[in-house]
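Next up, some structures in structure tokens.
Okay, so chain A shows up in both of these, paired with chain B first and chain C after.
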Partner chain A sequence: MMSYRLQRLPAASPAVAFAARLVSVIAALATAGLILKLAGMEPLALGAKVISSTFGSSFGIADLALLFSPLLYCGLAVAIGMRVGVWNIGAEGQFNLGAFSAAGVGLFVAGPPVLILPLMVLAGMIGGALWILIPTLARAYAGVSELITTLLMNFVATLLVYFVATGPWLDSSGMALATTARLPVAIPEIWDIVHWGLPVALGLAVVLAIAFNYTKWGYEVRIGGSNPGNALYAGMPVRRHLIFVMLLSGALAGLGGVMEVAGTVHRLQGGISNNFGYIGIMVAVLARAAPLGVIVSALFMAVVLNGGIILQPQGLTTQTVLAVTGLILLYAAIGDEFARYRVLRTIQPQD
Partner chain B sequence: MDVLAGLIQTAFLAGGVLALAALGEVLAERVGVVNLGVEGLIALGAMTGIAVVSVAPVPWLGFSAALLVGLVAGMVFALATVVVRANQVLAGLALTYIGLGLAATLGKPFSGSPAAATFAKVDIPILSDLPFWGRALFSHNILVYIIFLALPVLVHYVMFYTRHGLNMRAVGENPAAADAAGISVMKMRFWYTSLGASLAAGAGGYLTLAFVPSWSEGVVSGRGWIAVALVIFAGFRPINVVLAALLFGFITALGFVGQARNWPVAASVLAMLPYLGTIALMILPVLAWQKMRRIMAAPEGLTQPYFRDDR
Partner chain C sequence: MVSIADPMGTVSIQSRLGLAPGTPPLVALRGVAKYFPGVIANEDVDLAIYPGEIHALLGENGAGKSTLMNILTGIYQADAGEILRDGETAEFSSPIDAIAAGIGMVHQHFKLVNAFTVAENVHLGWSQTPARISARTLEARTQKLSQDLGLTVNASARVSDLSTGEQQRVEILRVLARDAKVLILDEPTAVLTPAEARELFVALRAFTARGNAVIFISHKLDEVVEISNRVTILRGGRKVATEWTESCTEKSLAQMMVGREIVLNNLRERPKGATIGAPVLSLKDVSLKSHGAMLLKNVSLDLHAGEVLGIAGVAGNGQRELSHMLTGLAVPSSGQVHLDGVDVSMSGARAMAEAGVGHIPEDRLHAGMSPALSITDNTVLREYADAPLAQGPWYIPRQALHLAQEIAKLAEVMVPDFAMPARNLSGGNQQRLVARREMRIADKVLIAAYPSRGLDVGAINTMMHYFVELRDRGVAVILISEELEELVNLADRIAVMFHGEIMGIVPGEGVDIEDIGLMMGGRRNT
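The block that comes next holds the complex of A and B.
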């Protein structure tokens, strides 16, 4: 007698997990396409349009690169949090605070760019780290879940940026409604409109990958994240690692905000983050929190986000992109669980 | 005095959204499922409510449609988290993204225009003529009475005074023991998660049909997340949750009054109060009183998918 049964493994094998990711992304895009089809649109034609407008011209590639960069920063920020067992849902707010702090320095501190730019970067990273400080301390010392505290800080950050951009820091030219004056300094460009924000992010991904995978520190952080009890028993400074990585996560998202305001937008304005922080969570999840994987998933999500922008005349918005992101996330969560199952073929002895 | 009565009245009105959504979340979390999709569900319900009354101007119809949309969305979420047993945090975030994105995309035609029909105020005879309390307590739309009185009492009674409620809590605290006692863990989790989602979307319908009353992309603005936080703050108890929602309604009302009376604080700064208040309330009680952690603890089985094999 042959029979089949399912066995659930404690963890999926990397190959199966990767395949499940791929299948869930395709299934999510197919579902989105089906919904568009039902709404009377031509999903294949729209998809072809996105691909040709994105990759068909150097403008398209440059636009893509400008979306790729902030998603890298936010994706890395969320990914390193996941490594230490933390859900940093507040990358959106930290990104805003990074932009806010950098803009503050750029607008109100006079000096040569060689001095001002590093100062902006520093201010932005500190801003991002400060924005996650209270959730960090609450998690580390009082066991309060960081999930909701980091998220609620997003709303405060958005309101803060909106407040200064429409009030005290409003462009005095009288033309603008909700934006500051153009920043006097900018992150230098390397190609067309693509600035140094992108190569720096790629470099950071490599550095983080090495730090997490090949150093004693990275090993301790990972153990502390996956099994705090054991890590503590082995004498690892679990709390110190937790605090450091959370603050680093905030600083990374903040750095993304610096690059956005000083390299891409050049002004601080309401809605400066195109949901980058929220999509960054998706980037980190798709990459299974691996810094190098973040490069691939951020590029993919940049294409999706860019697609939403290209298709705006068809009635889609960045909010539509958020819905598609959610669809991918849902399928990925389901795929993750399915990837853990293995079909066993058993032969039962006849008696 | 009149200002205070108005404040309390607005507190009920504003707190209703949080109270209904948080009650739904209590149902889900008590059976062991954390639903982080509340924000998206409120958005879906809010958009549905407006869309339905724009076709048929009956507020009850819009509200019921919101409940129904929430039930369907909740069943999809429960299918993923309870039947397939996918990660609850990821599936919840996904639901939030889908809800916010879908509502914004589909709701575009209704953006900015006022609701075609809204829930009217129901003055309780005699009581509403009382000098102070009349306005504060007895002059509300019908949903406020349901959300702050009927529903929490009903949920409290079922949860703590019936066998069914005991079973519910057992599933949330110790699914393996509940299973051994013959309770269907999956059925219980599936239906209460779906019902909770339905109430969250109903909160959205309340938002656009009784409170704001119009639809715009940012109309939810974190209320779903505040509702999830309130559940933790209120120790997963239905009556406490409603009282906590009232407190937050009061904070929101303070912001409105501040704006109306030209307090020397910017509107966007006043608008930060509910978020900062929520964070403070999540942290301070735990710091102030260590015993709080035990008394107000989450159900033991929260976020833990149940596998019969793992026993």
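The block that comes next holds the complex of A and C.
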């Protein structure tokens, strides 16, 4: 008698885990394609169009880079939060605050760009950090879950940006509706319209990977994030690390906002965050909170988002794209679980 | 069972309880067994509860009291044996069945909704609660129940505003309102003041006088003697005896509770040159207060180099706080902790570890390890900041792996993959790794809290030999344990804790187990 049964392994091997991720992404795209087919569209043709438009021209690649960069900042912000056991759902708001603070400096402080740009970066990072300060203190000192507090702060930040962009800071030239005037300084460009925001983000990913894996501090954060009781037992400053990493998370998302407003959009306008903060959560989860993994998952998400933009003239809405990203996350979670199983073939002796 | 008052066993239980001959027990367990993976929780337990009696259930932690009561209240189903209700077999597949059969339990930790009133709590989840309710009808019904059952409660009060004694009364009212005939109380006096306890006893006697019965779980010997008619002693999941309480003394109960077959294996023999030295770690009149409760009360201890000091006592009597005090995890409310004559009361856990105090904590998975992290991360917890694992601010994973491999080898734990989460290791292997990790830093003192909890005999044996090894090196060892066997075999002195106090310290050599049992039950050694 031969029979098959499933065995659950304690941990998936890296190769199997990677293959499962790949299969789940393909399955998610296939599911989306099937639904598009049922809606009377040609999924293969649409896919081909996305690929040729994205990678077929330097415009396409530059657009992709401009989406890649904010996703990196937000993905890193969420990922380092996860390292310390925190779900920063507020990257969206911190991104907005970063953009707001940088735009404020850019619009109202006069001076040479060499002085103003660092000031904008500093202001944006402080703005992002301030925006997570209350959730941080509530979590560190009162044990209040940061899930809700960081989420709620998003709405305030988004509305604040809408308010100043259409009210007090509205472009007085009358040339533009619902935005501020063009910022007098900009993040320098390195190639085409791609600015320094992208290489800085890539550099930060590497620095963070080193900090978390190759420093004593990173070890302490790892223990404290995984089991605070264990860290206290070993006499580690759990609260100090929690506060620092949460503020750093806010500052990173804020920096993303600075790069967006001063490098890509050049004006502060409502909706500048463009859901990057929320998609950053997906980026971080897909990367399993590894900073270098964020590079891969952010690039992938950028392709998906860019595909959505390309397909808008074909009658696809941004909601469709968000639905696809949701599918990918769902399938990845399922794939992660399946990766831990293997099929055993057992042969039972005949009586 | 032969008792002193009735040497021939001719007088029936029924007649001694004033019942008609042949009255069946309200509820009885016959040959009940319950097995968990690798553990016998209960085996071959008989228990009969007759109308009108208060039946004490006595036993140490882990003796199987809770499992037995969970079977009786339908939370667990027995793997063998049967339950009889009024002489007929009954099957309790859920707590609802048990409640319908008139068996109710008040747990040690109350299960009330704090934000609700007393009336709302009494009526919550009760089939007889009227469909249309108003606060007034609920309160009137509660008031009536309270009068009928002789349990005074304020029906409109919010539970969060009540004292623990009052909350307990609400719990009991809740159970009795559902027509319970058998009331099970789990350590009911642990949370009560002496005055509240007396009130409770009066209410219990009134309840049994109406032909009902109480099962009273406790490890306090004086109470058992005071309140119960009969007492059943459990040990290691089995019934030791059922006795008429009037024929027992605190001493005889203590003996039955703890006096198992102690395997004597004296580990106190030392090699030449290994002697007990000067005090290294001392507690000087240390008290710890938290939220108004005295968790430690004027504890003074001297721990000498090269000695094993055992701490006995029923878990939850201040042992955890004591271990925290000795390892810098807690700061005394008053008094001082001295290490080598220096006051270290405020030094904190890291400084104590660096000064050579190792700590095997009681909850491995919550304090001792990070189960989701790799075996390497967990094994190097005490040395990640020292060379060669660290250089300046840097942490060197390659060196960490070397150290982890070295510790695993010493601990004789086979690790297929050091990057694997530590939770995949068995409890015994986790404990070996933690113990070896702590032994490496324990130059002066090792505090081991319940090191053998959840381990099999082989692993426990290894653990004991680790302690011997340290002791012979001149390290002072504190062994907190509920296994008297370990303490008797290994400890040079045994201190017994009860309600945050030390009841007495006795030499381990030739110790009288009964003395320990009495001190565990709150008798001070004079």
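To be clear about the criterion, the second predicted complex is superposed on the first by the 325 of 351 C-alpha atoms of A that agree within 3 Å, B and C clash if a C-alpha of one lies under 4 Å from a C-alpha of the other, contacts with A are read in each partner's own complex, and residues count from 1 in each chain.
Going forward, contacts are C-beta pairs under 8 Å (C-beta built on N, C-alpha and C of every residue); 3 or more make two chains touch, one makes a residue touch a chain.
In this text, all values refer to a predicted model and were calculated from it rather than measured experimentally.
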Touching partner for A:167 - first (chain B), second (chain C), both, neither: first
Which of chain B and chain C A:332 touches, first, second, both or neither: first
Touching partner for A:17 - first (chain B), second (chain C), both, neither: neither
Superposition-derived comparison: chain B or chain C, residues of chain A touched: B
Contacts of A:181 with chain B and chain C, given as first, second, both or neither: neither
Partner chain(s) touched by A:155 [first = chain B, second = chain C, both, neither]: first
Touching partner for A:122 - first (chain B), second (chain C), both, neither: neither
Partner chain(s) touched by A:320 [first = chain B, second = chain C, both, neither]: first
Partner chain(s) touched by A:265 [first = chain B, second = chain C, both, neither]: neither
Chain B versus chain C as contact partner of A:140, first or second or both or neither: neither
Overlapping contact positions on chain A, where the chain C interface meets the chain B interface: none
Of chain C, residues touching chain A in the complex: 328-329, 348-353, 359, 361, 363, 366-373, 377, 381-382, 384-385, 390, 393-397, 417, 420-421, 424
Interface residues, chain A side, partner chain B - complex: 8, 87, 89, 134-135, 138, 142-145, 147-149, 151-156, 159-160, 162-163, 166-167, 278, 281-282, 285, 315-317, 319-327, 329-330, 332-334, 336-338
Touching residues on chain A, where the partner in the complex is chain C: 10-11, 213-219, 222-223, 226-227, 229-236
Interface residues, chain B side, partner chain A - complex: 36, 40, 80, 84-87, 89-91, 93-102, 104-105, 108, 217, 221-222, 225-226, 228-229, 232, 266, 268-269, 271-272, 275-276, 278-279, 282-283, 286-287, 293, 307, 309
